[in-house]
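Below, each structure is written out as structure tokens.
The same chain A turns up in both complexes below, where it pairs with chain B and then with chain C.
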Partner chain A sequence: MNSLIPLFVIIPLGCAFLMAMLGRFIKNINKFITPIFMLFLVYLSLSFIFKSQGSLIYKVGGFEPVNGVPIAIYMVMDGLTKLILLVISLVGFLAIFYSLSYTKQYTAERKFYVLFSLMIAGMNGIVISGDIFNIFVFLEIAAISSYALVAFGVEKHQLEASFKYQVLGGIASLIILLTIALIYWNTGTLNIADISRQLTVNSQAGTNVFLKFISILLIAGFGLKAAIFPFHSWLPDAHSSAPSPISAMLSGVLIKAIGIYVIIRLFFNMFPLSYEISMTITVLGTISMIIGGLLAIGQWDIKRMLAYSSISQIGYIVLGLGIGMLVLVTGGNKAVAALSITGGLFHLLNHSIFKSLLFLSAGAVEYRTGTRDMRKMGGLSEVLPITSRTSLIGSLAISGIPPFNGFFSKLIIIIAAIQAQYYVLAFLAVLVSVITIAYFMKLQKYTFYNNDGSKWIEKKIKEVPFSMTFSMILLSILCLIMSLLIIPEVRTIFLQPAVDVLINSAYYTTKIIGI
Partner chain B sequence: MIIYILCFVLFLVGLYGVVSKRNLIKIIIGIAIMEYSINLFLIMIGYIEGGTAPIITKGFENAKFVDPLPQAMILTSIVIGLATTALLLAVAIRLYQKYGTFDINKIKDLKG
Partner chain C sequence: MKGMTIIVKKISQIICPVIFMFGLYIIVHGHLTPGGGFAGGVIMAGAFILQILANGNILPKLRKEEEGLEFLESSAILGFLILAGLGLLLSGGVVFFANFMEKGVLGNLISAGFIPLENIVVGAEVCAAIATIFIALVVYKDEVKK
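What follows is the complex of A and B.
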């Protein structure tokens, strides 16, 4: 199966090129190609999850290591990679299916699909590459296409949001490039596994001060991409101004694939774990969890509220992973660390499902009413019954109401925090969960209920078209199905391989260098 | 050592431009300066005193070669920089058409 790994980049990249060429001559070809190849990627990632074991490596160009030093570009497929790839392709497929009707309002529909495919190619590339410079290159592919997609409507606000996003994203990319240069300077290699070996073996390269400096720069760079506090200021603008399927992709997948995933991969598998850095990550996660939640309450723009809620939920994910790091580094019980990391990854998975569902529902509301201001809505459940139901399911899931998936992942994180004796963090996680319920109740009340909706019935507002409702209904069903991941047998298939990769930090290195 | 510090100073000059200037075009120039400073830093990493181009020819099999990998990295990063700068400028021009100004104090509809 090793030779199938590059397909995750080749297919979207090739399709983007093909669509840019052929779209001019054949009408609507983009609308056929994009969902089909996304569906194929879903199939491919599922087959990797079920059929392959352990880590698979593909060496680009087939160059074998010389004297044990890897010289080819490595593409690595392990448990964590498979999980993130599945999320990207699943949410990507549903978002693109939704866009089939949604993009009718734009004049340059064709380019939307091309940019979307490029973004998918970039994200898949980041996840499968085992080489920090390639991570940078794919990160830029994903980021540049997302800048263009945020500004896709070329209205005032979208351009402003896109400019802000580009400036901050550009600074983040340059900090990341600087870090890569510093790492190369000290270790003389770019391969993640080889860097990890050099840092442990070569004591001169792995001095403490140098490692701290690099780690701080990396947290700043990828934290900006992932919108962790205090680097979150671009997210509410960019995510609320973008076209709704793109908001769903950005909030649901992009910040995780180019931010959280890389932080996890580098800090668990590349650097030796250190107490100070683990503490920094945990504290930043906690603060962004609280700040995002508090800021969301005051919002009246429906998509802006969802964007702030993304910051808060990203905080949960980082908190879960950070507690896992802290337990590992202080030599605590490995089972607790595993539980905490499971919680973080589970919440990552869940958040991408329900946050894209909420953004798609908000997009459907905007599509029919033409406004994002909650004060001008009310009573929409009368005219948009399906959207109202799916949005309700998404809100219940994100607030952590059983039997939806959000409840279980938050529960795991809180239990892990208590078992690791971080009682304050557990308390804060519960508190923010209550805040989450508060602002989603506000969203539901002002948008869908609050009056009898006669204003909308007069205007003859209808339910949104099939392709939009299909995606939303499927995502709400997924919200229920994902709860099944709490069952140990199901968890061993999906989450356990990813957790194993992170718990045994040295495993990644030995597996790749040892072959 | 002094040359690395100067390179870092160049990076900070660019950062200063991005943070303190109020004109969209000046912000873009600031980002470009930051990018050049990092490219410069990368090329200095690969340089060896008295090294030659890393091409093996007859009679020079054991010459001192400079490291070719940073050079390949810079070529990639220059191309990426071109794309980011072009997109930034395109958006800046569109913003000028919508607002009639390059001043970011007047372009702030989004807040809260």
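What follows is the complex of A and C.
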């Protein structure tokens, strides 16, 4: 299995440039290649989840370590990596299948698929890289193609949003590069496992002040990419202006793969855990959960509301992981920490499913009505029956109504917070859940109900084409299926390996360095 | 954008081939001397850019040029990936980027396995990319004026 690891980067990268070449001569070839290779990536990530055990390591170029110092570029495939790769390829496949009809409105259609494949290559690269500088390189590939994709419609507000995203993203990249330089200066290595060893073994490199400075910079840099509270201002513009399948990818996958994933990988597996940093992460998560929810209530733009809701739900994920860190660092019960981290990762998985479903449904509404303002809609359930139902399922799932997946992940996070005796955080999580119901009721009422829809029947609006409904229906079925992850047998296959990697933070280092 | 005077045009015509050759030299000696694919590619693109600056732009011609360069860029990256993938195939499906060719004698021009080949592909890619960016800016500026 080891030699298949680089395929996650090779396939999307190769297909992107193949399409850039062939797309000029053969019409519509991009529309065939992209869904096929995405489907293959789904198959590959599933086969990694079911067939391989533990951590797999791949050394690019085949260079073996010299005197125990790794010199090759490492690619690491462990539980957490497999989970995120599955999310990327699954949501990516459904989003690209949706785009087959959606992109007909653009003139430079073939470039859309090229940029999309590049973004997938970047995200996969970040996730499988075991090397902090390669994380930066792939992060730039993913980020730059997402800048272009946000501005894909080249309308005024899209260009403005893309520009804002570029400026803030540029600042984030600068901070990240500075941090990498500082880490390299102090430890003399770029391999995550080796840095971790240097920080614990070599007491000079791991002085307390230096570590804190680096940690704060990293939280700022990757927090900007993940849109955690004080760094969230670019997200509502960028995610609402982008083409809808891209909004689904950005909100559903990108902010997790290039933000949350790197934060948890570095803070659990690279740095020695510290109370102050864990507290900072938890507090930032809590604040973004509340602020995002409160800001979402007042929105009238359907996609903007979803974008604010993303900030709020990212807060939930960070809260779950932060409580896990706090319990681990204060020497509390490991089972509670594991439960809390399970909740965070489970919510990460769920959020990527229902948020992409909601963005695709909003995109379907925009595709047919040409507006994003909820005040101009109403009664659309008469003319768009499938979109209306899938959007309802997504709203129920995100607000945490029982048979759907969102309920279980929020429940796990709240139970873990109570068990860890953070009662205020548990209360706030319940409160924000109520706020979530409030704004999604508003969304449902003003968009799909509220009047009899005669305005739309007169305009002869029909249901969206097959490829769009297919993706939305499959995602809403997934919303139900994901609830099965609450069953312990299923959870041990998908979530438990990822949680194990984070709980036993030293395991990652020993496995890679091989001491 | 109009072209410059006859003196500038003539001198740039004389200098351009030399710059281009120097870029090629840097690329093929990438594994022996400082520089390599990236640096040589930038120098080669400099020769193109100098020509455009001196002679002024003729838009339809530039657009055609841009398409060709885009094609070169994509095919160069594909070539790079194929070389790396060949390493994966020839090393028995184990090592991506394996150096599968003969290493030769240290210091010779033809040595170091497939690294010179990778350098040439990188050079083509960088040259095409930088020239494309420049042409895109020129075309954009003229379109905005209209």
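To be clear about the criterion, the second predicted complex is superposed on the first by the 514 of 515 C-alpha atoms of A that agree within 3 Å, B and C clash if a C-alpha of one lies under 4 Å from a C-alpha of the other, contacts with A are read in each partner's own complex, and residues count from 1 in each chain.
Here is the rule we use: contacts are C-beta pairs under 8 Å (C-beta built on N, C-alpha and C of every residue); 3 or more make two chains touch, one makes a residue touch a chain.
Quantities reported herein were computed from a predicted structural model and do not represent experimental measurements.
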(message) Using the superposition on chain A, tell me whether chain B and chain C clash or fit.
(response) fit
(message) Which partner chains sit in contact with A:G62 here, chain B, chain C, both or neither? Use first/second/both/neither.
(response) second
(message) Output check: A:F133 vs chain B and chain C. Expected answer is one of first, second, both, neither. What do you get?
(response) first
(message) Under the stated touch criterion, name the partner, chain B or chain C, that contacts more residues in chain A.
(response) B
(message) In the overlaid three-chain picture, which partner chain does A:I386 touch, first (chain B) or second (chain C), both, or neither?
(response) neither
(message) To make sure I follow: the centres are taken over C-alpha atoms, the vertex is chain A, the ends are chain B and chain C. What is that angle to the nearest 10 degrees?
(response) 40
(request) With the two complexes superposed on chain A, say which partner A:L13 touches: chain B (first), chain C (second), both, or neither. (result) second
(request) Answer with first, second, both or neither: which of chain B and chain C does A:A151 touch in the superposed model? (result) first
(request) Name the contact category of A:I216: first (chain B only), second (chain C only), both, or neither. (result) neither
(request) Give me, in Å and rounded to a whole number, the least C-alpha distance separating chain B from chain C in the superposition. (result) 7
(request) In the complex, go through chain A and note every residue touching chain C. (result) 2-3, 6, 10, 13-14, 17-18, 20-21, 24, 58-62
(message) If we count contacts the way the header does, which residues on chain C are in touch with chain A in the complex?
(response) 67, 70-71, 73-75, 77-78, 81, 84-85, 88, 91, 93-99
(request) Within their complex, state which residues of chain B touch chain A. (result) 11, 15, 18, 24, 27, 31, 34-35, 38, 41-42, 45, 69-70, 73, 76-77, 80, 83-84, 87-88, 91-92, 94-95, 98-99, 107-110, 112
(message) Which stretch or stretches of chain A touch chain B in the complex?
(response) 133, 136-137, 140, 144, 147-148, 151, 154-157, 159-164, 166-167, 170-171, 173-174, 177-178, 180-181, 184-185, 190, 237, 241, 298-299, 304
